[in-house]
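So that we are looking at the same thing, I have put the structure below in structure tokens.
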Amino acid sequence: MVLALALGAAPFVAVTPASASGATGSSGVTGMTGTSGSTGSTGMTGTSGSTGATGSAGMTALRSVTMSSTSSPFQTTRFNAGTPYSSIVVKNPKTGAIESYGNSAITYNVPSSSLNALGEALYMSNCASCHGVAANGVPSGGTSGSYPNLVGLGAATIDFWVASGRMPAANPRAVQAERGIPRLNAAQAEAIAAWVNSLHPSYPAIPSVNLASANVSDGQALFALNCAACHTIEGDGDALAANTYAPSLRNIPAYQVVEAIRTGPGNMPRFTGNLSDFQVRDIVAYVTSEIQHPRNNGGLGLGGLGPVAEGFVGLLLGVGLLALVGYWVGERE
Amino acid sequence: MSEHEQRTPVAISGLSVDDPHLQPAARRPELVERVITILFVVGIILCVGFGVAYVQNWAPWTLGATMGGGLSFLGIGLIAWGKYLMPRGPFVEERHSLASSEEERTAFAAAVVERGGAVVKRRKVLGGLLGTGLGVFGVVAAFPLVRSLGPMPKGTLFHTDWAKGTYLVDITGRRVNVSDLAIGSIVTVFPEGMQDTDNGQAVDQTVLIRLSNSDFTTMKGRETWGPQGYVAYSKLCTHLGCPVGLYEQELELLVCPCHQSMFNVLNGAMPTFGPAPRPLPQLPLMVDAMGYLQSQSDFKEPVGPGFWERRS
Amino acid sequence: MSKTKATKSTNPYGKVGDILNELDDRLGVAKGRSLLDKVFPDHWSFMLGEIALYSFIVLLLTGIFLTLYYIPSSSLVTYHGSYLPLVGQKISEAYASSVNLSFAVRGGLLMRQMHHWACDIFVGAIIVHMARVFFTGAFRKPRELNWTIGTTLLVLAIAEGFLGYSLPDDLVSGTGIRIAYSIILSIPVVGTYVAFFLFGGNFPGMTIIPRFFIIHVLIIPLILLGLVGAHLYLLVRQKHTQFPGKGRTENNVVGTPMYPVFMAKTTGFLLVVGGAIALLGAFAQINPIWQFGFYDAARISYAVQPDFYMGFLDGALRIMPAWEFSGFGHTIPLEVTLPSVVFPGIVFTLVYMWPGIERKYTKDNELHNLLDRPSLRPKRTAAGASVFALMAILFIGSSTDVIANFFHMSLNTVLWLMRILTIVVPLITYPVTYRICKEMQGFAGAGKRKTTNVVVRTADGEYVATPAPVYVDDAHHELDALPVPTFVVESDEVAPSVAEDAPTGVRRAER
């Protein structure tokens, strides 16, 4: 049984997960409150646990929620920022495990444990040769090398790398894995994510975003301030230092945008407590509307390369063509 | 003066109408004329089309296409008319020496030197004073033109709004807490209250990066500047002032998007590549009782690009 | 003009003749007949300056339209227009009015795009025209002043373009203004004063957009109009240069008369230039400011370059190593001042002084009305090609990140490549161009139209090539040049008012 992942198209509201997907075991919603949330979710001690004196104090509040993870790389204590400390938390009534959490903007779904067997099989045949049978970056028959340790990174991380086609790596020696046609489809990616996450459960889980009340204008402002420096204001991406690069955003599904923002893959910084889920939703709305469907009222977009392309067109097409007309007007002697 | 007092040279000549110079260049002028007729008619239709497109509010590209096409067709027709149907020539015109004759040159020099120069020579003092007066006027007239334009350089070139105990806020005005950011996160921060102001954005802008979970020292003497792994650098590139927003977390580099200067965030934003000459100034941070980040003081040096009065 | 009551005109040239007489009574226009007779040599390369002139006219006309809508103010307003990603944001009035012009004003986007394309074509045509003037030696005596005026026009056109695309206050052009501010700041001794005076304080301030506006629509256009007028006046007064050829000497001009042939062709060209710019404005989007968002000093986009005519500055800034002089209590940011202030200063001073330099070097003080074929002056051609190559490499250097992205190379590698190329390419261009010119000199008929050859195989197996007779239609039969006729007469008539002893075609110059 596979959780129906809303790939950014249909809004997925966490309030009624059971009927939508038929996932086993979830008979209702526990711990639901409205948006205030800080005392509604079970196991939450609000912000009192995190007095900010040390980082670890902030973590204790989350420990009971996050399925006994030690410090996840994605720590934050901010409310509605991609961790289970969110408005809506759905737990399995029998086991008490968190199945999804989130709010009206983004819902993070923990992949079902029923996928673990499939995921393990897929992992062993596709990923273990580099990342090791224990998913800790130690390939079998070799020394612990430069392959990343995948344990404790959360389902979203694994799902992003596999579903975007970057993994299994076409060229393991490349400085940066390229987005490409995925070798494993979205369902398989989720299965692998399910198994790897089960080794050491963590967050963020796999997001699905509801763009219904998104504010594209706020999204534009946040995009310009946080994203355009690497991905360009047009969203085309560009080369960065030492053979790394920021990829183009023209072809990425909405949920993968959330995954990338929250997990910070590769050299991309991660945005955890610095952006709330509502802000991330606004950014996703901006990316999926204006970046991926730009308003080119003025004609051909010229590749969005800006003044360089415009200069070539102006010189070659404009001056060049007019010089040719001049060649006709004048004489050759 | 001669009786034919005329200013411009005038040649009068006649040419027979069947002289080959007056014939059209086209071998078949009637055919060319028909083609030009078609060009003109199409041009007129397109120009009318522009009017229609405007009134009917068609898509923007139709306005340009009709106007462009109309003008182009009319223009090509006119060029073809001039090139193929008008007298083909070629015609010649004599150049006359631009220089005047010797007598005229002498007369001119005499007028300038003897009439004018002689006068001034006789009244040297007056001439000198006049020159001085005009010169002085020229200089002081420039004063309001230049000085009134703006204030003297000072102030924000040398210091920012960061001070002891200023809270770090993001663009929405929300204070940043130590438990907010994960390792590898970056956020642009401003002094509290300044996030919407010109000065706040242009001068005070700072990037906050979390490098670890424990206190981080970038260089000697800065042991207290990086509480709980948070380091803050001025976002103004020391090359030309562009915001250095591009952070590569695995390479630990801040890259400036304008001219690709690269700064190493681990050792005080030392420039490792590109044209930037100086490291990004680091903002000393501290944490208050509630966990909110504050600045210990202003930057220890002027932020942004270099200028003459900058001491270091 | 008074209408004659029902009486037929007694003027042999009818009503038109009457009108001309009336004008002559008031203005003495008949003495200007020589203007109608002016002969223009019409080699195609002389059309390049016209491209610049006519795109300037398009700039003026489209610019007037834009000034009726654009608001030159940095005051903040809340956007409530049709472009959703901006709705509710506080943006400057300059940006809001530019977006409004693009979306809400009918024809506004077309005018904006035509204006911007016309500017690119304007500067591009000036550069190409200037190259033609340089490589053919048209700047020599007596035309040095025109060369100076022309170079000034180029500098002003570049400045005008920069000011113009900065007016909408969008993210891309605002970044350019930030860089310009820092460049001014870097000037030793006076930099901070000039920057604070010009901007009314520290960056960004509220005064720079209105100041850019008035410089862009009033001050520089007035200077441009005056200089263009002077440029054209000198051209008419000194007469155009021409290439050497049949019937062409240092003391004449062979070509087409101003009226009607040249006027027809040049007006047609004006229409075509306008049409081409309109077609570009229709189909090729340029400067989509709504996609960039407004300028905010904390925002930045990657892959930002200036318009192409400023590209050489950006490229120079990128490749310059990080040398900064700091001592005696002062800082001179050489990594900024050298590439963006000193280098262009040197280049443009060289350009201004070139006629003098060449005169000194060749010891040639003669008047020159005949042009050089570039291959006949290999040193000048090679020098010009070198400088051109340097500017071209610097322009390419302004897109290091785009190149790295496109070719999947490391940014660091591309930058080092550009640094090396900037030094090596101009050094190689000189000798290569020199050699090419020398080769062309030695090759008879270089640059001329080639004739066909008939290849005959003899019985012995030898191949002989002989020039084939030229096709009738292909032949370029140029007649001997005649003076422009004042009267066109039937063959058996006698031209009126021509004294019998006055030989035709001889000018009577009376002062």
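Quick notes on this structure:
As written, the chains take the letters A, B and C, and residue 1 is the first residue of each chain.
One rule holds for everything that comes next: a contact is a pair of C-beta atoms (placed from the backbone, for glycine too) under 8 Å apart; a residue touches a chain by one contact, two chains touch by 3 or more.
As the structure is a prediction and not an experimental result, all values here were calculated from the model.
Path length between subunit A and subunit B in the chain contact graph, taken as the least number of steps between touching chains: 1. Counting contacting C-beta pairs between every two chains, the top pair is B-C.
Ranked by how close its mean Cα position lies to the mean of all protein Cα atoms, the top chain is B. Averaged Cα coordinates give subunit A a centre that lies 39 Å from the centre of subunit B. In terms of their C-alpha centroids, the spacing between subunit A and subunit C amounts to 49 Å. Measuring from the averaged C-alpha position of subunit B to that of subunit C gives a distance of 18 Å. Shared interface positions of subunit C, defined as residues touching 2 or more other chains, are 109, 113, 265, 268-269, 272-273, 276-277, 280-283, 296, 298-304, 401, 411-412, 478.
Of all residues in subunit B, those touching 2 or more other chains are 60-61, 64, 79, 83, 171, 188, 243, 245-246, 257, 260, 273, listed in ascending order.
Residues of subunit A found to touch two or more other chains are 221, 225, 228-230, 240-242, 297-299, 325, 328-329. By the touch rule above, subunit A contacts subunit C in their complex via residues 215-221, 224-225, 228-234, 236-243, 245-246, 286, 289-290, 294-302, 304-308, 310-315, 317-319, 321-323, 325-333.
Listed in rising order, the residues of subunit B touching subunit A in the complex are 60-61, 64, 79, 83, 170-171, 176-188, 209, 213-214, 228-229, 243, 245-251, 253, 255, 257, 260, 262, 273, 287, 289-292. Those residues of subunit A that touch subunit B in the shared complex are 50-56, 58, 71, 73-78, 221-222, 225-226, 228-230, 240-242, 244, 264, 266-274, 297-299, 325, 328-329.
The part of subunit B that touches subunit C in the complex is made up of residues 1-2, 4-22, 27, 54, 57, 60-65, 67-83, 86-96, 98, 146-147, 149-153, 155-157, 171, 188, 190, 198-199, 201-203, 205, 235, 239-243, 245-246, 257-261, 271, 273-278, 304-312. For subunit C in complex with subunit A, the residues that touch the partner chain are 42-48, 50-51, 83-89, 102-103, 109, 113, 116-117, 120-121, 124-125, 128, 171-172, 243, 245-246, 265, 268-269, 272-273, 276-277, 280-288, 290-293, 296, 298-309, 311, 398-399, 401-402, 404-405, 408-412, 414, 449, 476, 478.
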